[in-house]
Amino acid sequence: MLAEKFYRSLYRIRRIEEEIARIYHTDKIKSPVHLSIGQEAISVGVCEALRPDDIVFGTYRGHATYLAKGGNLEKMIAELYGKSTGCSKGKGGSMHLIDVAKGVMGTSAIVGTTIPVSVGYSYALKYRKSNSIVVCFIGDGAVDEGAFHEGVNFAALKRLPILFVCENNHYAIHSHHVSRRNSDNICERVQTYGMQAECIDDGDIFRIYDFTNNYIKRIMMGHIAPVFLECITYRWKEHVGPNDDFHLGYRTKDEAEYWIQNDQLKKLKSLLGADISSKIESAVDLETKNAFEFAEKSDFPEVKELYTDLFKD
Amino acid sequence: MLAEKFYRSLYRIRRIEEEIARIYHTDKIKSPVHLSIGQEAISVGVCEALRPDDIVFGTYRGHATYLAKGGNLEKMIAELYGKSTGCSKGKGGSMHLIDVAKGVMGTSAIVGTTIPVSVGYSYALKYRKSNSIVVCFIGDGAVDEGAFHEGVNFAALKRLPILFVCENNHYAIHSHHVSRRNSDNICERVQTYGMQAECIDDGDIFRIYDFTNNYIKRIMMGHIAPVFLECITYRWKEHVGPNDDFHLGYRTKDEAEYWIQNDQLKKLKSLLGADISSKIESAVDLETKNAFEFAEKSDFPEVKELYTDLFKD
Amino acid sequence: MQRILSYSEAIREAIVQEMTQNPSVIVLGQGVDDPKGILGTTKGLVDKFGSERVFDTPLAEDGMTGVAIGAALAGLRPVHTHIRMDFVLLAMNQLINMAAKMRYMFGGEVSIPIVVRSIIGKSWGQGAQHSQSIYPLFMNIPGLKICAPSTPYDAKGCLIQGIRDNNPVLFIEHRLLYYQRGHVPTEGYTVPLGKARILAKGKDITLVGISQMAIECLRARQYLKEIHIDAEVIDPLSLSPLDINTILDSVVKTKMLIVIDYAWMTCGAGAEIVAQLIERNIPRDVVIKRMGFASVPCPTTSALEQHFYPDAKEIALNAYQMIFSDKKAWQPITELQAEEVEFKGPF
Amino acid sequence: MQRILSYSEAIREAIVQEMTQNPSVIVLGQGVDDPKGILGTTKGLVDKFGSERVFDTPLAEDGMTGVAIGAALAGLRPVHTHIRMDFVLLAMNQLINMAAKMRYMFGGEVSIPIVVRSIIGKSWGQGAQHSQSIYPLFMNIPGLKICAPSTPYDAKGCLIQGIRDNNPVLFIEHRLLYYQRGHVPTEGYTVPLGKARILAKGKDITLVGISQMAIECLRARQYLKEIHIDAEVIDPLSLSPLDINTILDSVVKTKMLIVIDYAWMTCGAGAEIVAQLIERNIPRDVVIKRMGFASVPCPTTSALEQHFYPDAKEIALNAYQMIFSDKKAWQPITELQAEEVEFKGPF
């Protein structure tokens, strides 16, 4: 059942990020964390529709993307801990997660950089006549960058199998889009490049799922073209770190209220009922506990690791 | 009379560029020349509407812009000859023309670079509550660049007094826009940034003039906002150099035919009649002759000039 | 009496004073008007000077650099801030193809008085894309001035000089320096770009430290006192133009030199300093060494990150080994108290 | 029998052979499929291999570099061409923040087999924005390989090696070298990146010339024969990794070194070579000099441009002055015939 799958993935991400937030003060995680709390339904809705061979690229706010696409949990937590068992051997940290086997092709800390890279990956897929697609998750801030324009243009030009997913939480760090753009009409802009662009403004996970599903169906039928999905959403925590930041004054709790009420996690839970949800929760809680234990117990990389992984022979 | 002014400026640019083309094989001009022949009416139409304090920025294909805005002719030819009397003391060549006194703030050889620079200049004008505007001339190739997106966005965001003029000749070197963009809808795209954008597709110099004039009127009435003007046009000569290049096969003479028929110079001449036009022509011919003589007679810079003009004290 | 300010306060004071006395000075950059105010350096400026003079920008490093250049062409003096130097890689085209060249290629007709502030420096676990210090790339380019002062006094003086300078100036601030405190005069004053500062006199070895490495050199100097080595510590302050003579004089005296880049070493400032000294025929018995980042991207895990950066102890150890021609792994006994607060994330 | 090809033909042959044997190799860049075909190096490729493997791009250097990186991540081997290295300044973000770092920051999970071809070199009157050779900027960055061969033989061999290499490789071609002709074997062969080539043996002085400067060094060597000076000429071929040992061995023998950068000297390859030699304790009596571009943007007028670039006569003069400790303005009597056609614009 769809709701159950969604709930499992969503609860899992929320649970893990809350655990990260909880232990963050201990300094065991010496890596800046950009939590997705409040925005997870987008990654879940999209990734639940994806097939194993589909590819995702994410941003530094990438825990949800990584986990939703099936990225290895233990390796992620170990990565945050800087351990050699981490998905990037401790060299990447929270902002550089990867799981090649699961099609998570990496997250980047430079805003906008994954846009053309995702497009290039999808070029290769089309070139190989693969049926797979690439999903490129970006924030609304990335839309400001020249790389957005150049990347989207090329995807449209070559009609590539790529789904752009823009998580529009209205802010880039503390900067609201009104101080960055004349109007908030990303989809309208994207359409002029020659691709379909739609906005889902209520965070509904089923709508996000359906949209992605339909896109994949069209790809399978041979209608290869890029598509753009904007999802309005809200970041609950501070830009980076485990805390709330409404006291800073750049945004208000009121503004957040709709999104807190609209929490997809809560909605799914009430859909499923207590029996099912609590079963899922205890399984996830155990998995979470184990993952953090795995990270704790793992070793730090040896000093000689500083010099490895620069070049491939 | 408008047509007379237009004809003088247009004939002058054409005449000078043809002279450049004529003597180019002598290697006296050791600087790559990107001729505007066929496209001059855009610069003339726009610049005839400008006031002395208005500012223009142009590209490496900038002879027309420079001359139409009143840039010093002798200094331009001397610059092409690499003489110390050139507008850039021989250090800039054909691609780097400037006449600060006339508001020609410089042309650049890196596609797209003058876009944000023009925008920044117009920010300063608005900041100073000046009535002047900036005109930023670009080619259609510049639209591909991230700098276009970033520059246009900022102009729209801050509602700056800037007129973008895109000379759309369909080609970037030998590359037609179909190999660079999904569709040829620049204005539609620009509108989504939140600014007026219009296309003049027939090269009519009076329409170009009127458009600019109206823009300036609105600015004077205090309606400060950026505007985008696309002018469809055609480059008659090769991308760089004095020759025709229809033999290369990337474009056809047929395609050019409409524009050659539609030559604004010819049209203006027939409007004016032979009397007036030939009076203008002989004055310009003399001026041209003098300018080349000036360049010929001027000295090359002394070797010590190699090291000057790096920093301002 | 000495007035003590932090490095961050010194920078803010420089900006406030220059903005006050010259309406052409404007401040732009991502987050300059936000609650954190670029680690405090731009805090409150928007209230003081208004949103036309102090403004946040879109995430558009190349474009906004062009905007700053254009505003400068029109006579403004923009101070453009990047919260990490890594992001300046997006602005190389405007900085190198335009800002550095326009005056020359237009035969002196224009000038580009911009200051580009960028923050370098470790904090913790920032990783490959949030830790770079790429000043060597700019040192290669004629037409740019670059400075990276290490003390609050020089931060204020160099920044005021940078804002008044009629040319593009890159101003580089290390995150850990923000907690440095020191004497800063109240009035506006300038420190010239192109004159190195001898932070401490000494006779046995010359330590040249760039940006925060100058502070590490001062610490290393303390360590070395234990074994009666008297190190001279030089902060070049300005990397372009580079004051080689102050370094040369010191090296002629001490016959030993370590240059510590806060950057990768290949084609770095250390290489340039060594090459310039050799060209100036320094005495043949001078011993020279370069230090800097490990030749890899910066890893996040502290287990590796701590070996990526040079520090005071490693500098002291290298000095010890050079002086005694000894490979022994000497360690100072005393543990120095960090004068500056150790950075604690996240940011 | 020797098969003689031009540098340009050698490059084209390398690409054709690699594309033929490996369907993962693709070619992209502005104008790669146009009638001029990047000075002939990509001419006819689109007809041979189709427009999915050989394609023109929008004017979007940053974006298209990202596209190449993404395609490489997916297992393709893109060869991305820039007709001038100046334009690579728009692609620094993708090259340095992404291509150079991804393998490391993902703990070895990915690799980025891209080749970035870029053309440097004077022709005439190109001026400040069309003449830059910014390889020193990339030498500072770990994670990139850089080569700039001077002969047709090495151009083919290094380019094939670059395409087969599993890492980002910058391949730098000087416009004037395109007219060099030389022996090029028919079959596909590789020349390793990381081993310098001794272009001519000699015992009196070592001349290290980068890219086209290697050819100028060969000419200088001819001039110097007049006065019985026997110069050794080295082309480093690969700048990252840099084969310092070949240079070191030569210098130990000749005791005299001139490094000629085809770039500005500050923080250039010359600086790095000097610093590495000093760190390796070369004999104290070695005399060293750097040459390179004048420390200004490149002017267009030939009256100044000819003094901007080093050339064979100036190299020979410097060698003469070093060897005889003489300030005399010596000039060779013979005038060498340029082996290569002098470039004649426009381009």
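All chains are identified by letter, namely A, B, C and D, in their written order; residue positions are counted from 1 within each chain.
Quick note on the criterion: a contact is a pair of C-beta atoms (placed from the backbone, for glycine too) under 8 Å apart; a residue touches a chain by one contact, two chains touch by 3 or more.
Quick caveat: nothing in here was measured; it's all calculated off a predicted structure.
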| item | value |
| --- | --- |
| Partner chains shared by subunit C and subunit D (touch criterion as defined above) | A, B |
| For subunit A paired with subunit C, centre-to-centre distance based on mean C-alpha positions, whole Å | 36 |
| Centre-of-Cα separation between subunit D and subunit A, whole angstrom | 41 |
| Chain centre separation in whole Å, for subunit B relative to subunit A (CA means) | 46 |
| Subunit D: positions in contact with at least two other chains | 57-58, 60, 62-63, 86, 90, 93, 97, 104-105, 127-129, 142-143, 295-297, 299 |
| Sequence positions of subunit A contacting 2 or more other chains | 86, 90-92, 96, 108, 110, 144-147, 149-150, 153, 157, 179-181, 310 |
| Arrangement of touching chains [line / ring / star / complete / other] | complete |
| Touching residues (chain side subunit C, partner subunit B) in the complex | 26, 52-53, 57-58, 60, 62-76, 78, 93-94, 97-98, 102-111, 142-143, 145, 166-167 |
| Subunit B residues touching subunit C - in the complex, by the definition given at the top | 55, 86-92, 96, 98, 100, 105-106, 108, 110, 113, 115-125, 127-128, 146-147, 149-151, 153-154, 157, 308-313 |
| Of subunit D, residues touching subunit B in the complex | 30-31, 34-36, 55-60, 62-63, 86-87, 90, 124-130, 294-297, 299-304, 307-308, 344-347 |
| Subunit A residues touching subunit B - in the complex, by the definition given at the top | 144-150, 153, 156-157, 179-183, 185, 188-189, 192-195 |
| Subunit B - residues contacting subunit D, complex | 27, 29-33, 82-83, 86, 90-96, 108-112, 141-142, 144-146, 172-175, 179-181, 240-241, 248-250, 300-301, 303, 305-307, 310 |
